[in-house]
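Once you scroll down, you'll see the structures, which are given as structure tokens.
Next come two complexes built around chain A: one with chain B, the other with chain C.
And now, the complex of A and B:
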């Protein structure tokens, strides 16, 4: 069974923005490895091509006319935000220089 | 810089002019109340689906054509995955494998002659929301989320800040005249990231690149490149190794500052956007897009040059598109373009600027403009007269002859009459004639004043001056 390195698990955890403990890293090495193996199985599909990944059906994209439709009012936009500030949605600062 | 050569590549994002956004029908506008132009699609709500805006495709076709790129007739979109609050879906819909355009160029005029700046590729994508940073918090406005963008990636083929600035000017002019984007850098509708690296001149490989983000004007691009080259040179001269980094331009400091390192390359885990099937560009659609393209600046340059306009005037006219468009409405006439450009750039522009008006808001009809130019050419109106009547010309719905009548302007162009007056003035001012003969310039001015006085300023000054000199020399 495929086993990821500690560094690989840490990298994936960083991309997902989650903290993992040493025990979890060890557990993910095999669990994520199994997942990777499963995904690799796609290559075994007969006649596999990258285009199949885009869409398996010969469907053509229909285009929308360039017209302005109904929009949400500002209050609705803010209603699901955990925190707001005037007409803005507030989040913790993300710039880190 | 002596030992090193700089290599510069530029990524430019322009906001595309459309009524609605790229994947939703919310308004694509600027300056609206925060979070007032959005739908659930722009907010990245689960279960929502993107619907591709036809006009974005047409604008993309135009952009590809104007930059001499090869059009991708069968294309799809991709997801670029990353976590950041400006992007609640956690992915941006962009084009990775099938950019709408590839391998194009724009030609710039450098001090060493023309140079083709090669374009690697051009993508269609959605903008993210706008975040502004305030102390410990960031404020999000989703009006910008989903605004259509075209990203233009140049090859690393520029070597000086001048080339980079000229390329950006050309790109801006092309997209602006093509009606693809407003290209207002101060409003963020054109943004650029610049990659700079330096390497010893004899080196066959490129140096370690540094990306500078957030540059808000073409002038600042020049400053940023200059500072970055100097910084990298200093690092190498001290025997240190350059590290790949992302910096941003700080216009307060007038310098680049180090930013945090973001994901790059594979970390974005691009994969095809499953919610948007293949887009096929048909010949009919391509022709429809290109049919609406107006005359582009380079074609205008050639035409204006043929009409005898100076390079300076051509560039000044092109810098003000409404003047150029106006001038183009006279291409089928035989007006003197040099006089027309002089008038448009001079008195007319200063009147418009002073009164915060646009040319199309005035009463300057085609007939009036032609008549005004003719009268100037014939000498029936002097430049001074034009200044006197300009306000009426631009603001009143009456003809030039009517305005002249109202203002009592009747320039005498009858040469024999002018000659008669000059003879009289010279006979009455023999001392001034002698002064002139002795080389006193002031005498000519005085005599000219007397001629104008005799005719109450109604004589064409150009004709009068020529005749006065002629008659003085005969004496």
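And now, the complex of A and C:
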């Protein structure tokens, strides 16, 4: 079975913004390798047309009218936020002083 | 003692009209059954108080349509205002939505009563419901067995006859496969027939919401209530909603039915083949033509599906970053640490694996090698299906390669779970409606199902065939009731 290298696991984990500990890396090497092995089955396929199917919808997607409709109020939007100061969602500092 | 819950919906309705029954009394039976079957672990959240309050409100009104006062369960990846919606994940363990999904608004308008949110695979990723943060639901026919997934809680609750109706979601068989393992009726409608607004997205071009119920008729009734155009989902169809019960009970004769040959190849076990062949003979005996038909690329459906599903999932699940809602890691020092630790601690292993692979399949040159190629072959597969409907009214196939197996088996072989879905994935790839109908049992008396696949928006005809077979097969499907 295909097994990813430690570096490959670290790379895909970074792409996905998921931290993996050194202990976890070993199990992901096999687990992710198996998933790659499965999707690599696609390389056997030849002779297909180039047209891509982005969605099964055949109707022309129409936009709704640009009108003000029901809106969510600030308090309910903040109600699920993990950390707020009452008015805004708080996150760690992102701008250097 | 149950008196009313085993009646059909029209029978319950008649009692409501005659004022011989009230929604509150029916709910008492529901909650008795939920309590008695706690070991099934089919619910993540039970909304007893809200349901009773709703019943009292309804009792002040005139009795409405057939679905008025009927208890219903909703899969826990569909948002319900004021009622916790977890996606069976630690990430959303305490998430209280601030709006209702389109289908939830619809069921409320029709007077149905939401009694709980059902267990499932975490973020609908899995085929056994064992990836749930809240532990797996159990198969009511034998609690040592899986329910299938990802809508496993729905399947368990309906098979145990806890409620008559439920709503699930199907990205790669998640309605039909558990329906097959538990002996219930599950419909994945045509992509776009039911709005996805409020369905927590897994793979947006494959996801579809649909009904999971005890019988074909009740399934069609529920689809009537939830189908339709929604301004909040631009992929929902503006095609008029038919009465999906209209053809139920009509004779089935002279139909041309195709069987995609790969779906009855040696990937299917002997016990499932036997049940399926019995149905084929029954259809032929009743004057229908049944023939094998070749559909392109079915052998590769799992690889193609996983590329598209994991790719779309990695993008959709990027929103779970610990900022606006859901789980957040303790005391992150930087914004990057906030994202990475939150996602590492909040998601389960299966979800993390799929996001990682999905992210890499979409990155750099991989996007062309994998994702674009999969979309091209997907187009060919759909064309091949559509061409078959020039000749055939409907397609049929087994739903699963085997009956349900024991809990824990799949953990030994993670790829098994993907191959389990090989017969159900093609309908999602092509955006076609497909349903599971109970078709028989194996020697251990575990249910075995079959699929009916229709042309786009061909649900009414599918229900016609399903109701005919339901009547002819006349199976005793009460084995999940204890």
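As a convention for this text, the second predicted complex is superposed on the first by the 74 of 97 C-alpha atoms of A that agree within 3 Å, B and C clash if a C-alpha of one lies under 4 Å from a C-alpha of the other, contacts with A are read in each partner's own complex, and residues count from 1 in each chain.
In this section, contacts are C-beta pairs under 8 Å (C-beta built on N, C-alpha and C of every residue); 3 or more make two chains touch, one makes a residue touch a chain.
Predicted, not measured: the structure shown is a model, and the values here were computed from it.
In the superposed pair of complexes, A:19 makes contact with chain C only, with no contact to chain B. Applying the stated contact rule after C-alpha superposition, one finds that A:44 touches chain C and leaves chain B untouched.
When the two structures are aligned on the shared chain, A:88 is found in touch with chain B, with no touch to chain C. Among chain B and chain C, the chain that touches a larger number of residues in chain A is C. In the superposed model, A:66 lies in contact with chain B only, and not with chain C.
Legend: residue contacts after superposition of the two complexes on their common chain; A:36 is shown touching chain C, with no touch to chain B. In the superposition on chain A, contact of A:53 is made with both chain B and chain C. Of the two partner chains placed by superposition, chain B and chain C are both touched by A:77.
In the superposition on chain A, the residues of chain A contacted by chain B and by chain C overlap at 15-17, 50, 53-55, 57, 59, 61, 63-64, 72, 77, 89, 91-92, 94. On chain C, the positions that touch chain A within their shared complex are 95-96, 98-99, 190-192, 205, 231, 234-235, 237-239, 297, 300, 302-304, 306-307, 310, 314, 318, 321-328, 332-341, 343-344, 347, 349, 352-361, 363, 370, 372-380, 382, 414-415, 418, 430-431, 456.
Remark: chain A residues 15-17, 50, 53-55, 57, 59-61, 63-74, 77-78, 85-97 touch chain B in the complex. For chain A in complex with chain C, the residues that touch the partner chain are 9, 11-13, 15-20, 27-28, 31-32, 34-36, 38-42, 44-45, 48-59, 61-64, 72, 76-77, 79-83, 89, 91-92, 94.
Put simply, chain B touches chain A in their complex at residues 18-20, 25-27, 33-40, 43, 51-57, 76, 83-85, 97, 131-133, 135-142, 257-260, 263, 267, 269, 271-272, 274, 276-280.
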